[in-house]
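For reference, the structures are reproduced in the following blocks.
In what follows, chain A forms one complex with chain B and a second complex with chain C.
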Partner chain A sequence: MFYREAGDFNTSYAQDQQTFPIKFDRYRYYLVLFVAIFVIPFMVNDYWVNSLFLPFLIYAIAAIGLNILVGYCGQVSLGTGGFMAVGAYACYKLMTAMPDVSMFIHILLAGVITAAVGALFGLPSLRIKGFYLAVATLAAQFFLVWLFNRVPWFYNYSASGQISAPERDTFGILITGPNTDAWATYMFCLIFTVGSALVARNLTRGSVGRKWMAIRDMDIAAEIIGVNPLRAKLTAFAVSSFFIGISGALFFSIYLGAVEVGEAFGIQKSFLVLFMIIIGGLGSIFGSFAGAAFLVLLPVLLKIVGVDWLGWPTDIVAHLQLVIVGGLIIIFLIAEPHGLAQLWRVAKEKLRLWPFPH
Partner chain B sequence: MKYKLGTLAVAGLMAASPVMADLVFPSLSYRTGPYAAGGIPFADGYADYFTLLNERDGGIGGETIRVPECETAYNTEKGVECYESTKGEGALVYQPLSTGITYQLIPKVTADDIPMLTSGLGRTSAKNGNVFSHVFNFPANYWDGASVAIKHIMEQEGGSLEGKKIALVYHNSAYGKEPIRTLQELSEKHGFELKEVPVDHPGQEQKSQWLQIRRDKPDYVIMYGWGVMNQVAVQEAANIRFPMDKFIGIWWSGSENDVLSAGAKADGYKALTFHNVGSDYPLYDDLKKHVIDTGKTAGAGDQVGTVLYNRGIYAAMLVAEAARTAQEIHGVTDITGGQMRDGMEQLEITEEKMAALGLPDFGPEFSVSCDNHGGEGFVAVTQWDAEAKEWNLVSDFMQSDQDVIQPLIDEDSKAYADENAIEGNC
Partner chain C sequence: MERDSVKDQADSYVTDDGRTIGPTVMEMKNITLRFGGVEAIKDISFDIREGEIRAIIGPNGAGKSSMLNVISGFYVPQEGEVWYKGAQRPPMKPYQVAQQGIARTFQNIALFEGMSVLDNVMTGRLTQMKSGLLAQSLWKGKAEREEVENREIAEKVIDFLEIQAIRKTPVARLPYGLKKRVELARALAAEPTILLLDEPMAGMNVEEKEDMSRFILDVNDEFGTTIALIEHDMGVVMDLSDRVVVMDYGRKIGDGSPHDVRNNQEVIDAYLGVAHD
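For the complex of A and B:
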């Protein structure tokens, strides 16, 4: 019924290998993009953007980045918060050093700097695996946060040790600082999110991604068939950190505007992004989006239902939220260990055959 | 996912739709997390004072007051979410009780024309109203606290600090780092040696810091802590037998929560304050009659009379009086955020005013002006009596060393003005 393939003929390799080979799926994707680009910007206000859309879009980029490393290349990382901090501080230093350069370039450069730092911290992955690697990346997390707290050069010697984003524009439209329009910040982040998803999707299904997956599935076998583990692992760290750096830069400059490294990029951020990809689905770009949406939107939804509609005390709702989110994580892990992406895949399969499953 | 966003968007709209004809004082509180011990009494006091005004006087100038509460858990991301979700309701003033959230909100409130009061917290240089048009930090700020702590130590030492060693134990965040510059200047001026001892969030583990203090043997320890960090520090100080009367906390490290767990060993611990302690005020009789006995208290109602509850009362009293001032200036009762800002800028707190409100001698007298959003910087010292389980004022309200602080404020606010191209409002 839905997702009908009947009459949907692919006559070239390009058609056969596109991201959404089924016509219905492809049109749904175009519709989502259309709504995101041409409908939402005209409807949003500050509340929607700052409470829902910006965190969702930014965490989606971070989740894509971590998914490349953990989901595609199989290298467990707990350094996400630290790498986001690198992106944020790189962006801050670039913004203040070169005020006239477009924010697009600053954010991309912040990503490049984070990629370099990430590749550096990826070096131990050549020797150690699994939990031990997780501990090594954990060291990166703590070292980077300590570094940004300790060296005043990174925060331009401000008295409080905080960094705050000055007003900057791109093509004459303000996109950082308090006087921005909701649609401008939304569109700016949307461009990066869509771009990241496209790049990540195409990297992961090309030769680079196949090498990562070969390393993930069995590194010795991968080496025997000619995958260079040094190059594969370091590119995974670099590409992953590039996206995480972009998300950190956006998180600081567009979303929060002022950041204190220990509070914003602490270990809890690393876990949050890791939960996102575990719940969303390891090794899936859609899973990154689904996980980010789940963990960003659910608390807000629970708050609206609990406090604004039911009028419960705020502390009870805050505690309930922990219970519900925690409970849902456990249920998901038991009922569907491959995450929301797998649920989506199963649903698609079912819908494809429905209503005649035999 | 598209559907999910759509439903949420509708829900968000319903939640954020404006309800007019009330005076709205949003309370960005934190009743969960490692800082809840401090957040709960403050939020209770803040809400109870407004409940009292509603019950006894029918609000301010005949307008009823609404205090929507939003849980931030002392987290900046949640703080921003709370701000965005409440500002549409006609919010008059914000008091986030978190330096991190304050830094987020300084540019936002200025753009949205809503004032923010950060009594004894936030960005100290916001005292310069010429640069920070919508941010107020009367009656005292972090640097006043640092200066008065040194002044008190000087009194104890007979007027000279030459060759003395003072350690600063601080929360390693924007909040804890605030006093460092001031203390460095003061150490140059008075010739004492300053040791900086940072404690990382949330501060449950301080063994190494106190080992360092034990080794360095400072003559005094000043603490800028908050939440669970305070209790741990007091306990650790007791463990290394550091003399408690030489251990001085800022006002965020001086509540009952911080000392009760150390028991009798905490006796003599000192803390600064910018308002009076105890519950021996006429206002408390009204509170008992209209709020406590009628069961309308916020939270569990078990915080009445504690130091931080008093601070909540004081914070609510300041903004309530500012709202009254705004109503007088503009001749309307249903004021807006911008009018509230004018009211705060012309606020004058006198002894007669406080006595009339049932809070005689509760805090220092001060007046706000366009240039000075921070009051005169009068701070007193309190001391914990472990046997009676109460805080007592042990000094008069003393003014901080303005010769040191004012140049620092000018310098820091100028840096902010340059960064953000602010020309000045006065």
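For the complex of A and C:
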């Protein structure tokens, strides 16, 4: 009834290939963007930014990155935490080595460095698939964390072995360190999140994306139509790691400020991002956002309901969260392997015809 | 429809139904393919001429699919040479063969199930799409232009094979006969020099076979595509093809026009069996 495409005609292939071919979707997207840019920054305080918006925006980038690799190219990876650590440490080394360069450049460069590392660890994917590849990326996870723990050069020989972000500004506005404004860090992350989503969407609807999906769906047939599997898989690893590196750099420099590598970027981080894309939807940019929002919101919501309203002890609530996430993973894998994004698609299909389904 | 035996010497000739068959575009010379101790293909030579429909037939296990896999680069033969467009082809990977203009379909459908029909057909254009990662990530300039240009070609193929109505449907939802057609569309979208069809009519009913035959003839006629096909339905093979290679136990036992092949005693023996005394 209200969601429909009647009278909405695309008259060229360019129009048909745009991101939101249906007018209603397009307007809703503009509305969300408008609220995110012009409304939220004026309303947020430190609590909302630090407990909700920053983790959501940063995890969304990581989820987009992992979704490109797992959801679009079909290469399972458990190395997300390790690659986020590469982004964080690259960002730290760049920040301390070149204090005068804009943070934008540092974050992007951290992404590029992570892309190179990701492509390197993607090399085994040419020979092994599925579970075996997952184990190989697990090795990357443990190796990278070990490396950043053991080689003092990476943490500038600091006594604690931690890295902490010095104060840096962009266009005169402070965005790292303890004295930042809530809206500034929010906007900084928002720019990267929106940019990542746009780039990921453009790549996945074009010829590169079709190469990845061809490899995912049937690698032999992909090769027979002229896809070089080596290049397709390595570009997937590189692009995926680029986004994950950016998210790691933001996670360290903007969100946490100080990082102990094993704690912040351990194996549980890899699983968290993997859960996000499983719940959100494999092979969907929207799903990456949905999954990130869900897993960031869930603990906050549980805390409000459980601790604040019902007065349960915090440890019970924390364990309850594990139970719920675990249960949901199983339910989604069995009932809806394409996650929240697929539920959303089905809802839209139904809404097109509602209330007259025939 | 009977055709005269082929004039081997002439560079090009005109068939009874008015199509021009050009000079040799691909030649297999003394191909031998072994898997361990098993010889799948034994010393086989034959050629494919430009614009013709060339059938490869034979009983089960004769080595027909292996032959197709040699042409498309999946298998590298232990002995023999593959000549393509007048030059000997070095051993190459399947994707390099595809980039040289050889497209194929599979005996068991090998479509990308997670993608729509349109995306599947567009994958056929991948060898032609050259814009870089950076251009594509911005979706401006060359990337967008290239996408639209290739979409036009893909749409022509979709029109041609009459699958417009399902272009946005996920392939996984399609029935078998349509999937076969989509796979043909994907191969055709590459605008191949040679199109290899591995049992295009397997598992189809009579109407679907007639449809598919018509498409194969139309493709050959309108685009001038050279077609090499494997098929078990003798009626179809005899009607469609200009020349037929017959294989049995990895050997070539017949080669020539459908009429010649049908009257070849060795071929009859292979198909009907022969009494040993």
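What we mean here is this: the second predicted complex is superposed on the first by the 358 of 358 C-alpha atoms of A that agree within 3 Å, B and C clash if a C-alpha of one lies under 4 Å from a C-alpha of the other, contacts with A are read in each partner's own complex, and residues count from 1 in each chain.
Here is the rule we go by: a contact is a pair of C-beta atoms (placed from the backbone, for glycine too) under 8 Å apart; a residue touches a chain by one contact, two chains touch by 3 or more.
From a predicted model like this one, the values you see are computed outputs, not experimental measurements.
Per the definitions stated earlier, placing chain B and chain C onto a shared chain A by superposition produces no clash, and the two fit side by side.
Of the two partner chains, chain C is the only one touched by A:210; chain B is not.
Between chain B and chain C, B touches the greater number of residues of chain A. Contact with chain C, but none with chain B, is seen for A:17 once the two complexes are overlaid on the shared chain.
Residue contacts after overlaying the shared chain place A:224 against chain C, while chain B stays out of touching range.
Residue contacts after overlaying the shared chain place A:202 against chain C, while chain B stays out of touching range. By the touch criterion defined above, A:52 reaches chain B but does not reach chain C.
In the superposition on chain A, contact of A:100 is made with neither chain B nor chain C.
No C-alpha atom of chain B lies closer than 26 Å to one of chain C in the superposed arrangement. On chain C, the positions that touch chain A within their shared complex are 72, 74, 93-95, 98-99, 103-104, 106, 110-115, 119, 122-127, 129, 131, 133, 136-139, 143-144, 146-148, 150-152, 155, 186-187, 190.
Chain contact summary for the complex, chain A toward chain C: residues 12-14, 16-17, 199, 202-203, 205-208, 210-211, 213-214, 216-218, 220-229, 235, 239, 283. Chain A meets chain B in the complex at residues 31-32, 35, 43, 45-48, 50-53, 55-56, 96, 149, 158-162, 164, 166-167, 177-179, 255-260, 262-264, 266, 289-290, 293, 297, 300-301, 303-305, 307-308, 313-315, 317-319. Considering their complex, residues 1-2, 4-5, 8-9, 11-16, 29, 31-32, 36, 40, 69-71, 73, 75-77, 80-81, 84-85, 87-88, 99-100, 103-104, 106-108, 110-112, 123-125, 172-175, 177-178, 180-181, 200-201, 299, 412, 415, 419-421 of chain B touch chain A.
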